[in-house]
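In the part that follows, the structures are each spelled out as structure tokens.
Next come two complexes, and both contain subunit A; in the first it sits with subunit B, in the second with subunit C.
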Partner chain A sequence: MALNFFDQFLSPTHLGIPLVLIAMIFPWVLYPSPSNRWLNNRLVTLQGQFFNRFTQQLLLPLNQGGHKWALILLSLMVFLLSINMLGMLPYTFTPTTQLSLNMGFAVPFWLATVIIGMRNQPTAALGHLLPEGTPVPLIPVLIIIETISLFIRPIALGVRLTANLTAGHLLIQLIAT
Partner chain B sequence: MLSRLVLTSGSALKNSGSFGACVVQASRSIHSSPQSKAPLPPLPEKGGKIRHGIFPEELFSLLYPKTGVTGPYMLGTGLLLYMLSKEIYVINHETFAALSISSVIIYGIKKFGPGVAAYADKLNEEKVAKAQEVKDVAVARLAQAIEDEKKEQWRVEGRHMLFDTKRNNVTMLLETNYRERLHMVTSEVKRRLDYQVELQNLHRRMEQEHMVNWVEQNVVKSITPQQEKESIAKCISDLKVLAKATQARAAV
Partner chain C sequence: MADRPVPLAERRLMDVKLAELPNWLGKRDFTPNGLIRSVRGGYDRYFNKYINVKKGGIGGIAMLLVGYIALSYAWEYDHIKHDRWRKYH
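Presenting the complex of A and B:
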């Protein structure tokens, strides 16, 4: 029975064609691209309003320079949101249960933030390694710990997403039987 | 959707120094809407007609000439039974999950569908209302300006009356002023003349008195003592005669 439970997470292929690409590209169909209209149909209006509010909330704590990240962050979040929600329906495959996909998101993003931070403000970036208000004797230990946590971060992020989704699907299967 | 974000944040990205050039190329390739400037046809009022929530009405009208009203339903039933009987669609535990999830989704759509549609319509209505309000305010302001202009024109027409009144006013003031001064002049002249008249009167009176005094003095001087005695004796005799006459009248 344990084998059956994990069968749902095999990457689907049919006649040798990997279907995971369809699963990844499918959400693109659900968001029609906007025209130059001032007033749109209901779907586009609702989606537009949702994205606007989402981006506004996302960019609240950031200053002007951080707004450059709006596009990539919003598209990442909407992609993951739609893929995970679609995975709730029966007969679907959730690509984010595959560790490869999640690491493919986690490592580049993490690396980009670290390298950009080091390039633009090296002092502040290195300063993040030491939290404020630490007692002086603890400083060397804490720096080592923070460095380790920094490097583990992509693995943590990727594995976290994979584990959450896989666990969720498994739980649904277990409860269903 | 993504292209909308690119449109709004494209300029921000392009301004970021180091990735400036390659991002311009990337955003060009993401634009999926047509780049032509031709005007768009207007959106239809309602969406396409559908039956049972999923099947477009065109399918039914397509099959109607050949198979009548029940055609598409027979097609659907036939396909379903074919897939079930040939085990192309295998009934497993996921079928039950699919049935449960679809019933929940249908219930949700039926219950909250109109609400969500009304919300989406409200968003559009608010957009239109905001623009309409701007237009209405502008129109109202212009109408007010027209009315003010008309009122000013009417005021200009009545301006001549104002000027007439002012002219009259000024004339009256001048007239009054002239009369006052005339009166002053006449009164001054009269005063001078009165003075002269008084002076002449005074002269004549003084001459009269002087003359009378002189005459009196001369007369008094010219009365001799003998004349005085004769006049006194005459007076006494006259008095006696008078006394007699009076007594006689009193006795009668």
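Presenting the complex of A and C:
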């Protein structure tokens, strides 16, 4: 029945420990902290190269001030990447299929960027609400539209991640039966 | 190899006789610090044996992943066992 397809997204509890807790802590095991030796083991070396390349690509469009965000962005992305990839293994549980987790990521991040932008340079932050080169009659409408899009952004981001992962898992299960 | 006898509390699990197992379990350190120390020690032993070697292969990570799959299966068994002989899923 169609109802059973969504049962895979429940978080089972066993001995009082929910599986979501294990699923969120397990990626920590896969990334050992590199020692300050000159030659590390292969796993740490490969991960270091991957993270370096990833951060370099991430920070390309940002100026010097944006580099402060490198650590938080990298850790968030690697966390989500590993959780989603681990969800591909059989019988595992993917925490990002739960809307609560994704909104818990989306809203604080979005709010932090907006508030920091408003505090550091309020005119530029407000100026983002109006794209350059808009015709004068359109200005009021566009400001309203841009404000709405600003506030919808966390909901869009959170729901997008949830929907993508849920749809993917559901599709896999539909094809398999 | 008859060295001097080691006290029960300090022996490793493989050196404990079956009859002494309850006593050994009673002497282990189950405080939060002790639990953290044992988890950390287990992780360090695994890491240094299989991953932190000069030419480590995929086995180190593969064993971790297979263990994770087994753990997830065990956690979800009560839910999955209904799917075994079901005709329509």
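The working rule: the second predicted complex is superposed on the first by the 175 of 177 C-alpha atoms of A that agree within 3 Å, B and C clash if a C-alpha of one lies under 4 Å from a C-alpha of the other, contacts with A are read in each partner's own complex, and residues count from 1 in each chain.
Note that contacts are C-beta pairs under 8 Å (C-beta built on N, C-alpha and C of every residue); 3 or more make two chains touch, one makes a residue touch a chain.
The structure presented is a predicted model; accordingly, all values stated were derived computationally and were not measured.
**Q** Check whether subunit B or subunit C contacts more residues of subunit A in the superposed model.
**A** Higher number of touched subunit A residues: B.
**Q** With the two structures laid over each other on chain A, which partner does A:26 touch: subunit B (first), subunit C (second), both, or neither?
**A** Only subunit C; A:26 stays clear of subunit B.
**Q** Quick check for you: in the superposed arrangement, does A:42 touch first (subunit B), second (subunit C), both or neither?
**A** In the superposed model, A:42 contacts both subunit B and subunit C.
**Q** Scan A:56 for contacts with subunit B and subunit C and give back first, second, both or neither.
**A** neither
**Q** By the touch definition at the top of the document, which applies to A:147: first (subunit B), second (subunit C), both, or neither?
**A** neither
**Q** Figure out whether A:177 sits in contact with subunit B (first) or subunit C (second), or with both, or with neither.
**A** A:177: touches subunit B and subunit C.
**Q** By the touch definition at the top of the document, which applies to A:93: first (subunit B), second (subunit C), both, or neither?
**A** Touch status of A:93: second partner only.
**Q** Which holds for A:10: it touches subunit B only (first), subunit C only (second), both, or neither?
**A** second
**Q** Considering each complex separately, which residues of subunit A are in contact with subunit B in the first and with subunit C in the second?
**A** 32, 41-43, 89-91, 177
**Q** In their complex, what parts of subunit B are in touch with subunit A?
**A** Residue positions touching the partner: 1-6, 9, 12-13, 16, 32-33, 40, 43, 47, 93-95, 97-98, 101, 116-117, 119-121, 123-124, 127-128.
**Q** Which positions of subunit C touch subunit A when the two form their complex?
**A** Touching subunit A: residues 43, 47, 51-56, 60-61, 64-65, 68-69, 71-76, 78-80, 88-89 of subunit C.
**Q** Flag every residue of subunit A that touches subunit C in the complex, lowest number first.
**A** 1, 4, 7, 10, 12, 14, 19, 22-23, 26, 29-30, 32, 41-43, 86, 89-93, 177
**Q** Can you list the residues on subunit A that touch subunit B in the complex?
**A** Listed in rising order, the residues of subunit A that touch subunit B are 31-43, 45-49, 51, 55, 67-68, 70-71, 74-75, 78, 88-91, 176-177.
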